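The next part holds the structures, each set out as structure tokens.
One chain, chain A, appears in both complexes that follow, with chain B as partner in the first and chain C in the second.
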Partner chain A sequence: MTRPDQGSSRRDPAAAAPSARTAAVVELQGITKRFPGVLANDDISFDVRPGEVHSLLGENGAGKSTLMAILSGIQTPDSGEIRVDGTPVRIDSPRKALDLGIGTVYQHSTLIPALTVLENLMLGDSTGLRLDAAGARARLEEFGALLGVDVDPAARAADLALGRQQQVEIIKALWRGSRLLILDEPTSMLTPQAVEELYTVLGRLKADGLATIFITHKLHEAVSLGDRISVLRRGQMVGTLNADAVGSTPPDKLEEIVIEMMFGAAAADLSEVGELRVGGVEEADAAAPAGPARVLGEPLLELVGVAAPGVGTDPGIADVDLVVHEGEVVGVAGVDGNGQRALAEAISGQRRASGGEIRLFGAPVNRLSVLKREKLGLRYLTDDRIGEGIVGNLSIALNLFLKRIGQPPYWRYGSVRKRAIDARAEELCEQFDVRAPGVETRAGTLSGGNMQKVLLARELSFGSKVVIFHKPTYGLDLKTTLAVREMIRQMRDGKAALVISTDLDELLEVSDRIVVLSRGRLVGEVAPGPGAAEEIGGLMIGDVSLSLAGAESAA
Partner chain B sequence: MSTVPGNELLTEVEVPNRAGARSGAVGKAIDTVIRSLVPVLLALVAGGVLLLILGHNPFAFYSSVWEHGAQNKAWQESAKRMAPLLLIAVGLIVAFRANIWNLGYNGQFLLSAAIISGLAPSLVNDLPLGLAFLILFLVAGAVGAIWTIVPALLKAFYETNEIITTLMMSFIGVGLAQILIKGPFQDPSVNIAQTKVLELDKMLPHIPGTKVHVGVLVALAAAVVVYLAISRTSFGLKIDVLGANPRAARHVGIGVKQLIITSFFISGALIGAAAAADILGVWGYIRANWNPAYGDTVIPFVFLARLNPLVVIPFIAFFAVLSTGGTLATQEVGLPTDFLLVLVALILLFMTVIEFLGRRRSLGQSYLTTGLKDALRPPGSKKKAPPTEVEEKPREVVR
Partner chain C sequence: MTNLFHQDVLTALISGGVIAGIPLLLAACGESISERSGVLNLGLEGMMIIGAYTGFVAAYYLHSTWLGFLGGAGGGVLACTVMIVLCVWLGLDQIVVGIAITLAGEGITSVLQGAQFGTTYPRLGATPTTSIPLLHKIPVIGPGLFEQNLLVYLGIIFAVFLTWFFRSTSVGLNLRAAGEKPEALDAAGVSVAATRSWAVLSTGALAGLGGGFLAIVGAGVFTPFMTQGQGYMAIVICMLGRGKPIWVALASLLFGISLSITTALQLAGIEISTDLINMLPFIAVMVALVLFGRRSYLPPALALPYIRGAR
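After this line comes the complex of A and B, so read on.
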């Protein structure tokens, strides 16, 4: 089977098995890219061959995104050479990248929600006045057959599940005959089932001779999917494990090698890293403390039949019953956009509940303001760090105190006591390992990880009792992720935590039990253990697929 | 989510005494001074070129402005002009810092002015003078504040765009002021539509030794008080948070609705007080169709001062000299006084340019854009300059 619209330049698929002798589709040599104060890419050489998946692994800030941006024409390198089929090229626009056969699938959907699948795909066909809908439909069918997926050309992009949207994105990236597909963190928004489908699709594309760069910071994905694995660290290429090595090394051993490449030799011994390695159920079991036998304390947070309205495209919640006891960490799983934000904001007080009762320490708080609930010990670690967590113009110190503006001893007689604030802020920065030149540094200049640490310091200090963690490790690097998960686990010590996350591995690792949120309702509860991931995945998409079927039959 | 004109500038606001990082503080201060002064200087140069084209000697014109605006006793006229300008500027700063675009200053000012002019003649005769002035200032402030109620409530509870509502209320306020001047407050003894004129000895007293009324001191005091409130108190921090990130304000439990209403009230009250200072200190009456539109000319200086109530003082002084001296200077050479507005517009224009270049520089790029560099390159070298653009995320202000 050949992919549609593939010219003679493509090599025979039969010979596509990666080997050192196969000429690279795209080759980077000595790529350097400098941003103010940062050397994002330092003399990086890298290539990808037909019929292979090349995993690109690295922590946040390691330079993966820059490298990808250079390949897809968003950035141009300061120095270095890019060769396509051995010919040096200059990729100075995304269109040029597409013309050269490099297609990119970004982490977040770039489909236009109001348009149909077919219309989205035809957006790139801007040659000539007439749209060739019939031809495009035939092309889509060919692609569907190649990928082994069945996409309805007339479905609106907005009605598709995220996994399906991504398949359309892949088709879009290949639409004009790409020979290199770049996938940026493709699994971060997907259910386990959708990840399986993605793996299948990538397998078929590989067999068809497509070169793929698979960018991820999840180790087990890089190892299970990559023919070759390259690791970036602080803008430098640490090394590439070639196909023979990957093929002949058992996965456990391979992961150890890769961890060493990512963090240096010393880090491989870190016991915590091991926990995250596979991220699978077995590890999660080991991490969870004694399960049902543990005695729980009083219920600290109770939701009885709570409903809250949606805002814009963000859906609301209905009939939510939930109890979090003292010493308990409860996870909320669900595909993004199923009412997570409404749930968090209804509890924090940012959104008025339209029904039901929310109780803190046994007393109803429905009518209390955000500030009053905060004073009772309720904290909400927002998922939108930049959008609502941080005020970028203000210093780290002031950001740490935004939830206690005007309160003694930091404000006296209406006047700010800067010294008291700075002293306490310095303590907090030390305690939570915030890396910054000083507490006077503008919070907006911090990296995502440090920003999250500032927020954690704010939410976990000053007498917090019940904390809602909303996507607490989203976009963070491995080390920070581990630190944050450890903080969540420590909530078992006399406090209570509600962890809302789309990362199932994370929930399995930190939660005592997991409830599943789907279309604004809690559809089930699962205890972490063997088979939990599959069960949760089923609950997560159950209603979505029903609604999709409804939408399709209506169309 | 929407972007509002002007918030580009707002994001650059330095928080006084707060963000002041020790390292490079001097360099930063110099940078700020340059960014504030250069647009003014460039505007004066461009204005000079314009004068040349019109056949006037720019040096003669500017020295004439200086002579009529600052030398001898002229500075006293300029100082008097400062009082309403500064009070309006400070009033706008309070609102703008909270990202509230109170553009209803003309209505707030004129309505207060009309009511003060109507009430003053009887009040100053019936009450001790000091008490009468106090009451009149309070009434003026109250009128200005009340005229923001509708936009304030609509914004606080329905997130209605205050740019539109304040402008609409401004037109109504201006119209209502005319009705008051031509109706209940009309001086029956004259044929012109105006209020009764205050006797000279019943106006605001002068600062001893000068002919400058004490309203100027009120304005300066207001600037200092607002500065302290903004930099030292929890209220100031709250409006900065609201202004910089309204969603964060909601998230951290700031009472956003009350804060919007409070900021609006303070802003309106200061603008109303500006009317009291101007009427009681300078004019003594109000005529129908009189609209000095102080606010329109003040806005560029509010931004040049980066919404800092102390820094705005020298800018307002500059403009006061320009407008008092300029009025006479333009008459001397036979130019329309609108030429002064051209200068203000030029300042605004250059401010935007400098702001853009400054933004590039703070991102570590060259002052020159890629296109400019290519244009400036000697014709021999064909090579294009490597693009230096860092992808700059559009700054979003969530409203």
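After this line comes the complex of A and C, so read on.
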């Protein structure tokens, strides 16, 4: 089976087997890209051959995404050379990249939610004024057969499950006959089942002779999928493990080598992180201090049959029963957009519950305002840092006191006491390790990690008792992630935490127990331990028709 | 007092409604093109008044209705190039630039009118009409709907064409993508700036054409500030019609009727202060917004400049 519109040479079986002799499809030589204050890519050389998956591994900020943006024509390098089939080229626009046969699946979806699958695929693929819907439908069928998936061309992109959306994105990247597929962090939003399916699809494409660059920061993915593995660190190429090395080294040995490459000398400290391990989820559980032997305190937060309306495309919740005890960290797992926000906001008071009862320290709080709940010790760490977390144009100090406006001793007689605020803000910045020139710095100029630390400082201080963490480490670098998870674990010391996250590894690492949210309902509860990930994955999909069934029947 | 439902009164109401509705229809269809592509064109009012002036001048000196229309469209195109350069290419705030174009358009045309004609307001002759055989003989609605300037029919046909254009052509798909998610259009290899530029350009041409029609066919004269907020009304119509051209066209004609009610009432001999009646269209706008405002649909990327790679 061959991808539609491919030349006959692609059917050559020799081309399907990766070997050192096969000429590279795309080759980068000495690529350097500088942004103001950052050397994002420093003299990087890299190549990818037909019929191989080349994993590109590195932490957030290592320069992976910049390199990808250069290949797909979003950015142009300051120096260095790109060769396609041995010919030097200049990729100065996404169009040029597509014309050269480089298709990209970006980390953030480029599907247009309001358009149908077919319209999304036809976008930019015009040869004439009229859209060729019939031709596109036939082509989609060919791709469906090749990938082993079945997509409804008339469905609106917004109505598809995330795994399915990604399949459409892959088809879109290959639509104009690409020979190189770039996948940027493709698994970050998927359920374990959808990840499996992605592996299957990539396997089929590889057998068909496609070259793939697989960008990830998850080691076990890079190792299990890559024929070759390259590691970036702080904008530099640390090295490439070639096919022979990858093939002959046992996985756990390989993992050690790669961790060493990613973190250098600091590797030893970081090897405890579950996320980095090969299939590390189960092992991480052992590290969790939680155990059935621990005695739980009083219930601090109780939800009895709570319902809350959805807003726009964001669904509501119904019939949610949940108890969080003193000294307990409860995780809420689920695919994004299954009512996480409604749950968090119903508890925090930002959204009025339409049914049921929310109790804090045993007393109902349904009628209490956000402010009154906050005074009782309830805090909500939002997932929308920039939107509702901070006010970008205000100083760090003022952002730390946003929720205490008017309260003594920081305000007196209606006017702000700047000195009192700055002094306390400096303490907090010290305590939470906020890296900034000073407390006067505008909060909007901070990096994502420091911004999150400012929010944590605000929410965890001033007598917090019950804290809702919503995607607490989303988009943060590894060091900050570790720090944040440590803070969550410390909540066990006399406080209580509800951690809403789409990162299953994270939940397994920090939670005492995990409830699963699907379509606005809690569909089950799982204790972290061997096999928990699979069990949660199964609950997460529930009755949501994911693409798995379609893939198997077509295969 | 003559009966309000007298045949002549109704005929005048419908005929006047169509003539007053066509400028709205053209401008609102234009606005729907640019809004679909993600450009909120608040300069519509300015483009209309500039089109009204250039259209009137062209028709007056060249003694041709059609050259007048062409002049109107040309004036609108000229005015919207400012918006293209500042908003689409340089990424400035669309609301500020739009208001500036409107204010500048009103001012410039008043000054030019004064310099050209002083305090006289020369009138154009009656414009030619095209009768549709048989249909124009239908009582009451016949003369109003089927005995009009050719541009009336073309305008209505254009609204139908636009529906097809958005749905079934590649350019229409590009336009929608530019307004929904410009980065996706860019990633698909189509220039967002070019797509939006063409969109705004056609908006300018249509608004100018509408203004030209207003001066040449509707009034037969150019007076300063003669558009009287019709550009803004067209923006509201476009919003209420959810950018769907057929709905936009229907709403335009309804608003046209509310604009022409003054004449009809005078014809019927009903004595109400004209100031009161002149408020009608604006009250209609507010009522429509209260009733249907929630149903309006605006593209997610509306009024957001697009710069590649910016996050």
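Couple of notes before you dig in:
We adopt the following convention: the second predicted complex is superposed on the first by the 522 of 555 C-alpha atoms of A that agree within 3 Å, B and C clash if a C-alpha of one lies under 4 Å from a C-alpha of the other, contacts with A are read in each partner's own complex, and residues count from 1 in each chain.
The working rule: a contact is a pair of C-beta atoms (placed from the backbone, for glycine too) under 8 Å apart; a residue touches a chain by one contact, two chains touch by 3 or more.
Predicted, not measured: the structure shown is a model, and the values here were computed from it.
Of the two partner chains, chain C is the only one touched by A:R130; chain B is not. In the superposed pair of complexes, A:E119 makes contact with chain C only, with no contact to chain B. When the shared chain is aligned, no partner comes close enough to touch A:E256: not chain B, not chain C.
Legend: residue contacts after superposition of the two complexes on their common chain; A:I390 is shown touching chain B, with no touch to chain C. In the superposed model, A:S369 makes contact with chain B only, not with chain C.
Look at A:D336: by the touch rule set out above, it reaches neither chain B nor chain C.
Ranking chain B and chain C by residues of chain A touched puts B first. In the superposed model, A:L98 lies in contact with chain C only, and not with chain B.
Once the two complexes are overlaid on the shared chain, A:Q75 sits against chain B and chain C alike. Under the contact criterion defined above, the residues of chain A that touch both chain B in one complex and chain C in the other are 74-75. Listing the residues of chain A that touch chain B in their complex gives 35-37, 74-76, 78, 92, 348-350, 369-371, 374, 380, 382, 384, 387-395, 398, 402-403, 405-406, 411, 414-416, 418, 437-438, 440-442. Every residue of chain B that touches chain A in the complex is listed here, in rising order: 11, 13, 15, 17-23, 232-235, 237-238, 240-241, 244-245, 247-248, 250-255, 363-365, 386-387, 390-391, 398.
Looking at the complex, you find that chain A touches chain C at residues 69, 72, 74-75, 93-95, 97-99, 104, 106, 110-115, 119-120, 122-126, 128-131, 172.
In the complex of the two chains, the chain C residues touching chain A come out as 168-171, 173-174, 176-177, 180-181, 183-190, 308-309.
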